[in-house]
Amino acid sequence: MSRIGIFTCWCGENIARTVDVEKVAKAVAQIPGVRCSVHYKYMCSDPGQSMIREKIASERLDALVVASCSPHMHLKTFRKAASLAGINPYLVEMANVREHCSWVHHDQEKATGKAIELIRMSVEKVRRNHSLQPIKVPVTKRALVIGGGVAGIQAALDIADAGHEVVLVEREPSIGGKMAGLSETFPTLDCSQCILTPRMVEVGQHPLIRLYSYSEVQSVEGYVGNFKITIRQKARYVDVDKCTGCGECWNVCPLKKNLSEFDFGMGYRRAIYVPFPQAVPARPVIDKNACTKLKKNGCGLCEKKCLAKAINYKDQDKIVEVSVGAVVVATGYQLYQITQDQANSRLSGYGEYGYGRYKDVIDSLQFERLVSASGPTGGVVKRPSDGAIPKTVVFISCVGSRDNAKGLSYCSKICCMYTAKHTMLYKHKVHEGQAHVFYMDIRSGGKNYDEFVRRAIEQDGARYYRGRVSKITEENGKLIVRGADTLAGVSLTVQADMVVLAAAMRPAKGAEELAQKLGIGYDEFGFFSESHPKLRPVETNAAGVFICGACHAPKDIPEAVAQASAAAGKVQVMFGHAEMTREPEIAMINEQTCAACFSCVHTCPYHAIEKAEIRTPKGALVKRTARVNPGLCMGCGTCVSVCPSKSADLEGFSEEQIYSMVESLV
Amino acid sequence: MSEVISASALRELMRDWLRQGKQVFGPRQVKPGLVLYTRLTDPEQLLVSGFIHPSNSPKEFVFPRHEVIYSYRFEGKDLQLLDAPDSFPEQIVLAVRPCDAAALPILDKLFNWDFQDEFYNRRRQATTVVTLACLSHDDSCFCTSVGLGPADPRGSDAMLLPAQDDEFEVRPFTEKGEASFSGVTRTSSKQAGTPSGPAKKFDAGQVRTYLSENFEGPIWHDETLHCLGCGACAYTCPTCHCFDIVDEGNAAGGIRAKNWDSCQFPIFSLHASGHNPRSTQPQRQRQRLTHKFQIYPEKFGDILCTGCGNCTRNCPVNLGVLNVLEAMKNGQPL
Amino acid sequence: MIESLRATCRRLLETGTAQVVIGYGQADPGKAVHPVFIRRPEDADQLTWNDQCYPNLVAYLKRKEVQSLGKAAIVVKGCDERGLIVLERESQIDRGSLYVIGIVCGGVGNPKLDKCKSCGAHRPRFANEILGESSLLQDGVGQKWQALEEFLTKSPSQRMAYWQNEFSRCLKCYACRQVCPMCYCERCLVDKNRPTCIDTSPTLKGNFAWHITRAFHLAGRCIGCDECTRVCPVGIDLRLLNQSLAKAAEEQFGYRAGMDPQAEPLIGSYSLQDKDGFIG
Amino acid sequence: MSVPQTFEPKIVAFVCNWCTYLGADLAGTNRLEYPANVRIIRLPCTGRIDFNLIIKAFELNADAVLVSGCHPGDCHYTTGNYHARRRWMLFRELLSTLGFDLNRIHFTWISAAEGKKWQQVITEITEKTREMGPYPYLAIPDASVSTVDHGESTA
């Protein structure tokens, strides 16, 4: 590049206050290869940009350096301006003379000198830039949605309604997720199933949605626009297509005493069962650990009863391969398993609450089933131990949340709200009953949320104590709850019939393994990481993989749904074009000099480099070489550092560019 | 009758030279088992016995391995050229082996036959070469096979021949040599014996014929396949003189320099197209041998080899000019 | 022992197991030992074995001229064999098509080289065939890093002065690179311009850049054959640099190049446990 | 060593685009003042920062070099900084054996949120380096490396 234009910005006073912009513009004009050097109040403004375009034309510039703010702020802006004037956008570099200079230095002479050097560096770099064309990747217009809870359902339906095929994978026998088990939802107290089940049916019937229930994602290959997904369909022992869901089979199954997963152990199911009446698909599954036929070749009643001949005891796991262009992850959450999770060193606490030891100490999801009209007790609040109606119920919030010592540092966000809801639902069912709540803070931000909590306290008379419970013991059928009311400054003991623990929200089991398969990031707790907390909240670091719902962080239904639609929207943007374009600033291999040690193949975080062979037309092997897959490369440049012969290089940050920048610092 | 100088007087003379600001070079024990021609800053550093041949050659005192030929600096948009220094202090290279000294007249021709290399010539003019005749030799030595010998005067301004009682007979051959030792020697009745060199190992004429007839002969592949392609032979050879021109610089300016190069490096003959006319190591070895014993003699008259044996001594895999020449003689591979 | 070596060589060539046997040869007992490439059974008698067999012949496997001779058999000492393992890990050799004649080695040199005193691999482990059972040298205890540890008693500025001294002698003849079995790049970084990462000039600057690069490119790869040090015509003790990295690899990562064929390359892999106390 | 009154250390910082560069941006946004001696070279990831670059910076008379990127676990490219960390662990050993002044080369993790840390790090490095004076990485300037002047080996 020999006709470089330099455009130095005042940024109003922001730069000009400490950097002598005119002096800078004059000085850098002297750099060899610089054709023109001008300055202006606001380069990013319309007049500023049109000034750039005019100069490009009048001076026949072939590369630009804009000395203004951080490239993170305006590089895209100026690249666009350049391309409008017919210059390849990748022939534009910025010198950050604001964030890295004028804003952090007060000595005008030094700041001005530094600005000149920063610009010289950028000039030396841009001199060696290459014109680059965005990389086009063909897109398979089919999406994979992992998880059939409310978020997954929302995302699947949005994408399908936009006219794109969706493959929905759900681990459980039915979609619906946690929400299907909830009684009523805050702050409106409308019945959860009444809202959700129609959506579930829509999914089941949608011509563009292929549902794989009782299935898991086994492996993920390929890259954005072109993923190859392997799905394992777990053996169901029931042919979903033949089965009519008539129910004969489970009605005759003699094994009645299997704890129901759907009821969180509060109720029972048969060995062959549908998790709940409104299940989608409304098809049973056989629990191979319970069924006597599968265990010791006994029984076999269900097969005899089945007119559709849908029962198949020889059923095996099936492997299905699908190719998709995008993935939406909506794997949701699980509750902090108060007894089981103690194995995990970080989660050491809460033995003192006697969960698992005292039958009548239950967690919040179990309580949801207890108050649910479709629950094991038909919506009558009976305590597990003796089926008596509890007259006093203690609700403890923040069990595991906001507790660095024994639990998890974060706030599970929804517990305050559902605990308030629980006290109300309880009161509505047991009018003479009294609800007591031990809380740390009440976090009720959200539309009509605080009003809702106030209602629980003021109308439904829940007693709220700001304080922790230190111990729960059992004395002749009563649970003695010892705690503190820090506002009253007294210690406090409640004799309760039942205790409900608002346990923390944690990522679903296997979240980290899935993240590794997908190559997306996750935090110390296993929640998936978005690629930018503000601006890219549903994207991940793996192009084409989006996240929504509680797998990202604790959140309530409206948020999960909103995020799901956002993810679906992102997928639709991708599917809006036959090809998607990717940043061309990626790695390249000089295949002539590559020694084929494949260190880069080893190191690449994205498995974007493959072993390749160069052969003559006749097929004789000339040499082996590493080769970059432009669809996968994210441009980190780690390959460049590990390449001993520097046959690997990175567009946009090439060896020549970087060395010349260093060499300009003499 | 002869002129002699005692070892102590010689060191005294060195001291004078150093005092006069002359640069003095000579063999020196750099570390156990390693003798190199180096710059000497103290007469005690001079080594005059107990070694056959230093691992390097004195050519670099007139033909440095790295020599800046000019530098440049950016002044704004224009470029300022700066000449490299081309005047050099007077220097005396002491106790040089006759084989190494004999290489200098050979190099003189190379650096002056078409273009006159001022850097070389000025250094050469500033240099006085005082050789030290060889009393012993090793298997690698073959000066006698290329028409030289342990006390051959070629390239010497003066020669020291070890005599009895820690004395050296001084034989000046040029005015420079005369001047260097005038007034510091004493006349002695003793005469240093003429040392005997290694037995003749091959006939240079036959070698030349062989080369002209065996360009495609099997000997190259058979004898030189184990050459690793390093430059240890060329860089310690007193006559090898290939160089490369490199530019090294940055945004402020830079230099253009002349660096040693070796025909044994694969990239020595690599074309920009990627084609390499000498693509295998045997071909590069053939080039080296042919250049030394056929091409150079045909062009300049001299064999481009003085039999110092450094190529054999310094070869990582015991390959040297001599092994190949001997293989030619008895016509069959080792 | 030499006879069985020659017999093996004959057998391999006659049966066509190999088209060339890379070994050590000697014109006659007095003469110097050098690498030979035996292609005809009748030449097998050129092969020899003694304590002058210094070169690591593995270095020849990377050479096109040698590759063009066809299927190879190679004579290796236990230490040389470590080179084969690294090269295989770096997909430079196809171990399947290579016949390895391992020689149990009592150490080379007279007196024995330092590396032999703490070798730990006198007996090849993965060779197709193992010859000789020379009385094994006892591995010297604690001798392994002796040279390095002595050197490290110097102060940093003394060390810098030492290396400036040493590198000022470097001719850039690249014997260290050419003799190294691990240096197989077709275009060495030092020969790359645009940009010039390493000045080619044999100036102190260029020499430092070269030797730092050479040593670091061997991090986790150097098998300690010390050939670079043996062949340096101006006696630069490159072993110290290689050892400082080998020692770090062993002490910080429990890693020894070329010992475990399954081991992940040291550079190119990572562990969450890697210590970063030095990172602020 | 005599330090000229006007000595202003030259500090070259190789930083990753996603954490430290943004951290430096944040320092700017928050107007956190620090010495003007640092020159930032932006690379996508610490994984891209090669030891040859560090040497080159010293060759060009950098008085100190800073290499900085995302904290472990935060890498924008998931593992680039882990690879970098391992390389640095080994590279420091080599530099130490060569007698490099390890007070001249600094490694830090600075996140996009740590503008304050950037300010502190740069201030500390600048002041420390100012005290130490210039760093002629090769005390013998090239010109005087007479190829014919072989010093006595101290080995």
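Per-chain residue numbering starts at 1, and chain names A, B, C and D are given in the order in which the chains are listed.
Heads up, the rule we're going with is that a residue touches a chain if its C-beta (ideal position, glycine included) is under 8 Å from a C-beta of that chain, and two chains touch if they have at least 3 such contacts.
If you're wondering where the values come from, they're calculated on a predicted model, not measured in any experiment.
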Far-end chain from chain C, centres as C-alpha averages: A
Contact-richer chain pair [A-B vs B-C]: B-C
Between chain D and chain B, distance of the C-alpha-averaged centres to the nearest whole Å: 43
Whole-Å separation of chain centres (CA-atom averages), chain A against chain B: 72
CA centroid of chain B to CA centroid of chain C, Å: 31
Distance from the mean Cα position of chain C to that of chain A, given in whole angstrom: 49
Residues of chain A engaged with two or more neighbouring chains: 592, 603, 642, 658-660, 663, 666
Where chain B touches two or more other chains, by residue: 30-31, 34, 36, 65-66, 250
Shared interface positions of chain D, touching two or more other chains: 51, 56, 60, 79, 83, 87, 147, 149-150, 152-153, 155
Chain C residues within the chain B interface of the complex: 25, 27, 31-37, 46, 55, 59-60, 63-66, 169, 171-175, 177-179, 187, 191, 196, 199-203, 227, 230-231, 233-235
Residue ranges of chain A touching chain B (in the complex, touch as defined): 30-32, 120, 124, 592, 660, 663-664, 666
Chain C to chain A touching residues, read off their complex: 90-92, 184-189, 192, 194-197, 217, 264-265, 267-269
Touching residues (chain side chain D, partner chain C) in the complex: 51-52, 55-56, 59, 72, 79, 82-83, 85-94, 96-102, 106-109, 121, 138-140, 142, 145, 147, 149-155
Touch list for chain C against partner chain D, complex: 148, 151-152, 154-166, 168-169, 189, 197-198, 202-205, 208-209, 212-213, 215-216, 219-220, 234-235, 237, 240-241, 244-245, 247-249, 252, 266-272, 274-276, 278-280
